[in-house]
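Down below are the structures I want you to see.
Look for chain A in each of the two complexes below; its partner is chain B in the first and chain C in the second.
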Partner chain A sequence: MNQADLSKLVSVLKVAVKPKPRLFSSPEGPAGRLKKLSATVTALVKYERIELNYPRAEEAQGYAERLISDAIRNGDCHKHTMEMADYWLNEKQLVHKLFKVLVPRYQNYNSSFTRLIHGPNTYPGYQPGTAILELKGNPFPSLQPETHNYHYWLHNVLLEEAKKEFRSAREERNAKTTESVTAGI
Partner chain B sequence: MAGHLLKCLTDALGKFEYVYLTPLLRRPPTPQWIPLVVHPHQQLIEKDASFDIKSIFDGFLWGVPTCRRSVEKRMMRKYGAPNWHNKLILPRKDIKSCGSCGHNYEAGRLCPNCYSKVKAETIVLQEKMVEELGLDPIDKEIAIVYQGEKNQFDDEFFKVYHGKRVVQMEKPRPKWFSKNLLQKSGPNSDSVNGEVTAIKPHDLG
Partner chain C sequence: MNNKINRDSMGPIESFYKSHIRESQPHAEAVRKATHHPIETSDEAGERPVSSQKASNESGNTVVVAPPEFRFMYPEFLPDPAMQYRNRLKEKLERMDMLQRRSVIEIPEFYTGSVMAVTVADANSPNKFSRFVGICIQRGGSGLRAWFILRNVVDKQGVEILYEMYGPLIHKIEVLRLERRLDESLLYLRDALPEYSTFPLDMEPERRLNNLVVPVNPLKVKLRPRPWLERWERQNLQGVEDLNLPQRFYDKAEKVAKPWEKYDLMLHYRKTIPAEEQEKIFAEVHSQLQQQDLKRKIRRRRGSDNDQ
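Take a look at the complex of A and B:
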């Protein structure tokens, strides 16, 4: 069956969104779940880095990515996008932030706009654990340490060559000594 | 007729004993305590010629194992299975040591020691940022300037620097929060000729 190209109709997200939504039970039902998630998305846009439990973070990430992606594709004059922004962002100064700050920031991004990292756990604790959800390009100190050793760095390349030279020289010396031994015998 | 009378008498005596004498004597009445009563001919249990198997269920009959549990089943219940519910206590091999601070952390998660430092600083920055921006519409990115850093703008009231909203911090920059992490030292994709921007060591922060 030929599948139509849906990327023209709907945003293609760079994040894996689960096919079944998680049920966050609340007395208000599905509406209550959306209320909780909109609070999370609002906090993410406001603070740019939030620490929360993993299941909620993963759900909110999908909604946040979709919101930003729609804002980039459609802009603020698109009625539906503005309605969505109005619904998901409870504080209205953040609607301005979404269209005036986040859209220019993420305009040329080829990757996702958010980062979901597993935070430290205290044993025994809650099994899914803590997670940190942050917007990329935030001004805060980075969470993950920079990986310090790359093989293509100049000093590493030079060291590798030096190692090879040393080993070949040693093998030559060993070969010479064995030859002399055999010759002596 | 006589037997029936005798039976009535026995019952009456038994009741009398139970109601009046047991509270005083504190001993349960048994047929032995009534010497008048002797039934040599009547037997308590009547033996039937045929035995009905269902009579065994009149009393207590509980479930009982019918087969011996095989060793496989026993082992499964005791120890579990690796692909199922493993009941063995296995050593944790996913605990690593952090390269920068030396504390232990779970693989795939952040080092708690390093993260606590970053979290503390982030919270301070976030509070200041929220306080600074308030409820007015946000239309600019944030530039964080710590105490003692060379301010490119002289006027204190001029709060915009290179199109960014400045958030002034009253504390000095932490040693581990480098100023210049995002500028590439190699050829930039944005630059036209592929010119290389070299960053001098003192600009790294």
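Take a look at the complex of A and C:
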């Protein structure tokens, strides 16, 4: 039966979701995988920016986004959502943080709620590398430089003027060469 | 809304059907597919209120929105959730073809547990058609490959036939009894006593008591003694009587069970289509389905007038 499961309504996630989940080996088996990931999600909600290895970060990002999107869609009076929050957040004050702080923060977001940035890799690079997983709107200074390029910045103003000068000089030169050609004929 | 229904105790499908009861008011029109009444949402599925068929989006333009129950009535319009097979263009073309077929043949609303009669074109039968009556034990497939299985016991022999809903050989699909059961899949009827799967081949369509609600039949089926085709004790079936097995079966079932899957949010995500996409798909499809429904009703009325 490859019909979509209709028992739950989920919101679309704004992160790339791979078709197959990544497996993490642990002594408890598949249950242990979810336990490890719940520890990661708890830490993410608690500290709002964590540094960890890339594979775990990528998996935890999906689960964190799902938890927050469920909380936004259903609210805290919804039994299923509360059960999920209870399982995924190991500290109970974080359940309050999820519904009272994160839900209002992300209510009107059209983008993802988390950001996954590649961190430093140890040379020679046989490992998958580290990553920094953070919730958007966190109080810390941004990790990535601003990529804006405003036209009114001084160097951009000077560059625009220089371009205009160059273009007008080229047109003059072209005009002079056509005159000389027509004069020559 | 005075009728408060405690949704926490219900499963998702039950609470969806209770929402039908909310909409039905004695003076309201019995137009079940178009909901014009605000639905209070506290049910398990977490559906947002659909105040009218025409909602307005952010820019203030009216947007046609299909009623939320469409996803249960037409589940084959949703594509296969496996990411490897998603292709928006293919799905759109398939939906167009499905609507085209539905304009020719009436494919009624049905659920697992409904008793149906299907007539197929059969070159080898004397009157070129063959009719089979049975209970729908399972339905699946997405798009044009949607299928359902009907089961009946004929001359003490259990017979199951898989019909492809959009196949060109299908001549007529009638729903003789529209109802639901406590489970989504009734495969356990194969191991149940034959009386639970026997339906007369000349069964007449039954009149529905309430056009707005699809009843849930809380029947608990008795199984034959073991051996069975599947390990029913491991499947959390609601519609079977107590299996009365030795304790070792239940112990092994516990050992083998995967209780963590209940919390695996990404597993659920990969098994379903997100709500926004569902809304888009059904908004596309819903106006055409409504038009087809209306045309059929008019044709039927005209037909009955001509007979008179």
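Assorted remarks:
One rule holds in what follows: the second predicted complex is superposed on the first by the 145 of 185 C-alpha atoms of A that agree within 3 Å, B and C clash if a C-alpha of one lies under 4 Å from a C-alpha of the other, contacts with A are read in each partner's own complex, and residues count from 1 in each chain.
Heads up, the rule we're going with is that a residue touches a chain if its C-beta (ideal position, glycine included) is under 8 Å from a C-beta of that chain, and two chains touch if they have at least 3 such contacts.
Source: prediction; values computed, not measured.
When the two complexes are overlaid, the chain among chain B and chain C that reaches more residues of chain A is C.
Contact with chain B, but none with chain C, is seen for A:144 once the two complexes are overlaid on the shared chain.
When the shared chain is aligned, chain B comes close enough to touch A:47, but chain C does not. Contact with chain B, but none with chain C, is seen for A:118 once the two complexes are overlaid on the shared chain. When both complexes are overlaid on chain A, the residue A:36 reaches neither chain B nor chain C.
The residues of chain A shared by its contacts with chain B and with chain C come to none at all. Contacts from chain A toward chain C in the complex involve residues 1-13, 17-19, 21, 30-31, 34, 59, 62-63, 66-67, 70, 73-74, 77-81, 83-84, 87-88. Touching chain A in their complex are the following residues of chain C: 8, 11-13, 42, 44-48, 71-72, 75-76, 78-84, 138-142, 146, 185, 258-260, 263-278. On the chain B side of its complex with chain A, the touching residues are 99-100, 105-106, 108-112, 114-115, 118-119, 121-122, 125-126, 130, 133-144, 174, 176-177, 181.
Against chain B, the residues of chain A that register as touching in their complex are 46-49, 51, 91, 93-94, 96-97, 100-101, 105, 117-121, 129, 132, 139-145, 148.
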